[in-house]
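Chain nomenclature is as follows: A, B, C and D, assigned in order of appearance, with residue numbering initiated at 1 for each chain independently.
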Amino acid sequence: MYQEQYFLTIRDINYGNHMDHLALLNYLHETRVRFLRKSGYSEIDVDGLGTGLVVAELQCNYRKECFYGEKITVKMNLELLSPMKLRLNYQVTKNEGEVAANAIIRLAFLDRNKKVVVVPQWLQNLAKG
Amino acid sequence: MYQEQYFLTIRDINYGNHMDHLALLNYLHETRVRFLRKSGYSEIDVDGLGTGLVVAELQCNYRKECFYGEKITVKMNLELLSPMKLRLNYQVTKNEGEVAANAIIRLAFLDRNKKVVVVPQWLQNLAKG
Amino acid sequence: MYQEQYFLTIRDINYGNHMDHLALLNYLHETRVRFLRKSGYSEIDVDGLGTGLVVAELQCNYRKECFYGEKITVKMNLELLSPMKLRLNYQVTKNEGEVAANAIIRLAFLDRNKKVVVVPQWLQNLAKG
Amino acid sequence: MYQEQYFLTIRDINYGNHMDHLALLNYLHETRVRFLRKSGYSEIDVDGLGTGLVVAELQCNYRKECFYGEKITVKMNLELLSPMKLRLNYQVTKNEGEVAANAIIRLAFLDRNKKVVVVPQWLQNLAKG
């Protein structure tokens, strides 16, 4: 399980005066990038061999309104659906653990010729463990 | 069925030099707002009585990479899941009809006190028709 | 002098793989909003009487490229140009004080009827002090 | 003189229910990219030799509030300040020619080693003409 915290900023707030439903998704993305970076990788080179990742599917259930300045916690874990398919399960909470949203992101991995390849071994290991 | 066309702009393009997966979702949002506006309403007042809508759930399957300057077509139709639940079904195509993405957005409707209310009648009618 | 720190996130990075020139400006905005909030106000109600502020002019000189994950410091001070005109002077630094950008934002204040009014007294006092 | 037209979209609108001051700047950027593209180039390769451009300075004066769905016209012309410095002068109008904003963007040109180089000849020619 990987976790990050963020304070909602003014660019997250839309004309309804609450967090935009799409603004939330940026924090899922940022969490993924920080996780990769702490392992020495990036979305563009996820294994040191030039394999990249793309989002194949995204699902999000919105449960609570969020507001400017609130602190949210994004928890993420990895689930291997098949050798080619990695799923990230996200939970976003605010305040004392209230669930603001649940989300799933399925990733695909592409080699330098944009051919789909298996999930890099280190991610498979983390997903299994 | 409601439909809009857009040209992808430079703010849609991310560091992978293709459309960001979240940028696509802005076009679903814009299509929804244009549809409401053509009917004389907005997300903040969807029935002339101050009822607002919020996104309760979002799903998107990404099928094709999209690039700067490409023209995309967003088709949207309405499906009534229950008197309280309206689902928007989206298909995003590019070029000669290649499917770039499919998406579903489930909406909830809130009165001025943020209490969930039934789908406004005119939307129920369109969803049924 | 008011000051905030930020870590650059993935949505700040554009297709040149560095911080977008417009992404930087969000941090100037966020700094202004945090400053107002710590004083108990917001852009929409800057004095407790419903006076709002708008950006009348913005200037930014870009000095250094910035990259994902870098920590930037935004310093802001207030300068009263006239009873109607408040200027915010910004300096953005990274690492050990390298200047990444200098910026100026001139604000105008509007009452509820969108008529330009004088700079609220508490801001005038801070600008003078 | 180069010109483009845009309809303001929902992601341009902020919690003040009008166009965000930073949203406007995206349209200056998009206009520049379209102009380059029509000449066969991009910001990353502005002369077919791998020379890139970066924004060195940006100034914008905001004159009129803009709202969702409004059509804006962005006019841009080129002014050569010195062999190394190109300035883009922008005027943004809405409705029947009301000026919404005036802006200036000064560009610098960098070779593949990020060394500043002269303005590409074809742009110098256009700026002079």
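Here, contacts are C-beta pairs under 8 Å (C-beta built on N, C-alpha and C of every residue); 3 or more make two chains touch, one makes a residue touch a chain.
In this text the structure is predicted, and so the values were computed from the model without any measurement.
Peer 1: Give a one-word verdict, same or different, on whether chain A and chain D use largely identical residue numbers at their interface, taking over half shared as same.
Peer 2: Same residues, largely: of all residue numbers at this interface, over half are found in both copies.
Peer 1: Going by C-alpha centroids, which chain is farthest from chain A? Tell me that one.
Peer 2: Comparing chain centres, D lies farthest from chain A.
Peer 1: How many angstrom lie between the centres of chain A and chain B, each centre taken as the mean Cα position?
Peer 2: 22
Peer 1: Rounded to a whole Å, what is the gap between the Cα centroids of chain A and chain D?
Peer 2: 33
Peer 1: Any idea how many Å lie between the Cα centroids of chain A and chain C?
Peer 2: Using C-alpha averages as centres, the distance is 30 Å.
Peer 1: Which residues belonging to chain A are in contact with no fewer than two other chains?
Peer 2: Within chain A, the residues that touch at least two other chains are 10, 15-16, 26, 29.
Peer 1: Under the touch definition given earlier, write down the residues of chain B that touch chain A in their complex.
Peer 2: For this pair, the touching residues of chain B are 15-16, 21-22, 25-26, 29, 43-44, 52, 54-62, 65, 114.
Peer 1: Please give the residue numbers of chain A that touch chain D in the complex, ascending.
Peer 2: Chain A reaches chain D through residues 10, 13-17.
Peer 1: Could you pull out which chain C residues touch chain A in their complex?
Peer 2: 9-11, 26, 29-30, 33, 37, 68-69
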